[in-house]
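Presented below are the structures under discussion, each in the form of structure tokens.
Shared between the two complexes below is chain A, which pairs with chain B and chain C, respectively.
Up next is the complex of A and B:
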């Protein structure tokens, strides 16, 4: 019991790292999602193909394989990454690919009459997108982006496998030192992830109902 | 880059890939069973069954599958009393972790599918004298399955990708075998790329399979 209490500060620091990694990845994923998603919604099909290929690749490759490639594979090709950077980059690419689908989906779901009306009013293409289409699309993007954050938090646990001292890694280190604490430590970790992700999931569902 | 390394590794990788497929098949079957049972509980008339199924869904889909696998492999055997009987082989603990997470998501998918079946269908089935179980079995579940198919397909793909997590507790799936080879020859970029492409191709094939299935099952 006492060695479980000793583990708590380390778990708390691990949770802090989990948050930091998740938030950094989320910010990058939203940026990446907006740029690629918007581009994909306006590019002609031929120019869109390479982007489509890249997005399908990022959605198809397991996150763990991507993370290991960035951390263990890239140095062999002369690009050195730290474990934190590799974890954030992998999460941002993976979530960014999903984010770009959220953005593209929301933009193409806006009725074409909106674009036509804006064009009839003399707005240029970029102005139509910026002033008419994207503001309406934002409302539809919000619930899936909130859900994406829960997915990022959950997926960030994979960073423990490349030695990032996040919540799971803090647990693994403590259990390695004293296998007797495995039950309370892993239970605490499960509850901590749940305590973060459950309110986020509920918020996403509420928003979806409200904005529908 | 030297892809000759990959050629030499093919037999070992093939062995790992076979285990990946095996885990996927058992995982998908288990997750479907959990999803069906849980969804039936979610719409049951017994409040306790509804509450239990809701708690299960919310807990297991809001916690990381990787942590669930670690819990099953390392924490469960420490349970006072029954723990020593719960020492699972790594591959079983890992598959079970995937079943819990993906099963919880299936419950939510199937519940939404069941509720999307028009109320008149259930009423008509009841008017024809079908028992509540038969209404589910012959009328509601077949229609809900069709409505849920795209989401269920995505969940199968997600489970397939998540099989890579089993390597973290020493199971030699495709990714585990790749890491095993890398630990010996210390060359990784080519192997990770190759393995990554194998997964991407499989995901594309699964995606095509589900799209075909949706078209086949679509009404008119």
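Up next is the complex of A and C:
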């Protein structure tokens, strides 16, 4: 029991790292998702193809393999990434690919009559997007983006495998020192992930109902 | 000189030729009503006039500006043409007033206070000044369409296009929209109306055009058009709708 209590501050620090990584990844993924998703919704098919290819590629590879590639592979090209940076970059690319689909889907779901009415007023393409389409699309993006954050928090536990001292890694280190605390420590970790993600996914569902 | 002139306009979507050599002209202050069965190309004509659709051949000239001249910018053309859609297409995230002032602010470059004053006067004109702050979802269909008319008028266009402006409305509220359109006609606004409202066409039109299968079958002033149509196709259409 006493060695379990000793582990708690380290777990708390690990949870802090998990949060920091998830938030940094989320910010980057939202930015990436907006740029790529918006471009994909307006580019002609030929110019969209490379983006489509990149998104399909990112969606078709395991996140852990991407993390290993960025952390172990890139240094051989002279690009040295710290554990945290590799973890954040991998999560941002992975979630950004999903985010770009959220953004593109929301934009193309706005009825074409909206764009036509704005065009008939003489607004230019960019102004139509900025003033008419995106404000309406934002409402539709919000619930899936909130759900995406829960996915990032969950997936960030893979960063433990490239030695990021997140919540899971903090737990592993303590259990290695004292295998006897494995049950209470891992139970704590399970509950901590759930305690973060459950309110987030409830919020996403509520938003969906409210904005529908 | 006509305010609007179409000459030998052709348009195909894939294999489907929807406009086959359309010519018509509208004098300033006139109201041109286009009637005909669905799929006859009526709405496409309106969409070609403000370049929402590019024509394949022929010419369209509005107030001296050629629609087919690539040197004429979309914005210069569209400032001269107001359009009212069957489905209203109001911007749901903006109030009625913001819908009306968007064009004046962002396209005409009016300062916010001038745009607001213009917007309020136009909402008053369509009988909706008290609903300036309402979102489209809080307005009835007839009110939404009247806001849409005010929005189009806010660009101070030379020509107003109405694309079946009352077709999406319940019969008992088409009247409030038609009343606004009649008022515009009385004020000598140049209008092209695609419509199924034969009463409106008979009362307001300077000229009625009957279209079928992408061609103008018959064109005449309403008195003549409705009482003595010349073409068999027109007669059979009128016998069904009147």
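Just a few scattered comments:
One rule holds in what follows: the second predicted complex is superposed on the first by the 212 of 212 C-alpha atoms of A that agree within 3 Å, B and C clash if a C-alpha of one lies under 4 Å from a C-alpha of the other, contacts with A are read in each partner's own complex, and residues count from 1 in each chain.
In this section, a contact is a pair of C-beta atoms (placed from the backbone, for glycine too) under 8 Å apart; a residue touches a chain by one contact, two chains touch by 3 or more.
Quantities reported herein were computed from a predicted structural model and do not represent experimental measurements.
Aligning the shared chain A places chain B and chain C next to each other free of steric conflict. When the two structures are aligned on the shared chain, A:190 is found in touch with chain B, with no touch to chain C. Of the two partner chains placed around the shared chain by superposition, neither chain B nor chain C is touched by A:178.
In the superposed model, A:131 makes contact with chain C only, not with chain B.
This overlay, made by fitting chain A, leaves chain B and chain C with a least C-alpha separation of 26 Å. Of all residues in chain A, those touching chain B in their complex are 56-57, 59-66, 68-69, 72-74, 76-77, 150, 154-155, 157-158, 160-161, 168, 171-172, 175, 179-180, 182-183, 185-187, 189-190, 193-194, 197-198, 201. Contact residues on chain A toward chain C in their complex (touch as defined above): 111, 113-114, 116-124, 127, 131-132, 135-136, 139.
Residues 1, 58-59, 61-68, 70-71, 74-76, 78-79, 83, 161-165, 167-168, 175, 179, 182, 187-189, 192-193, 195-196, 199-201, 203-204 of chain B are the ones that touch chain A when the two sit in their complex.
Of all residues in chain C, only 50, 52, 74-75, 78-79, 81-83, 85, 87, 89-93, 102-103, 106-107, 148, 151-152, 155 touch chain A in the complex they form.
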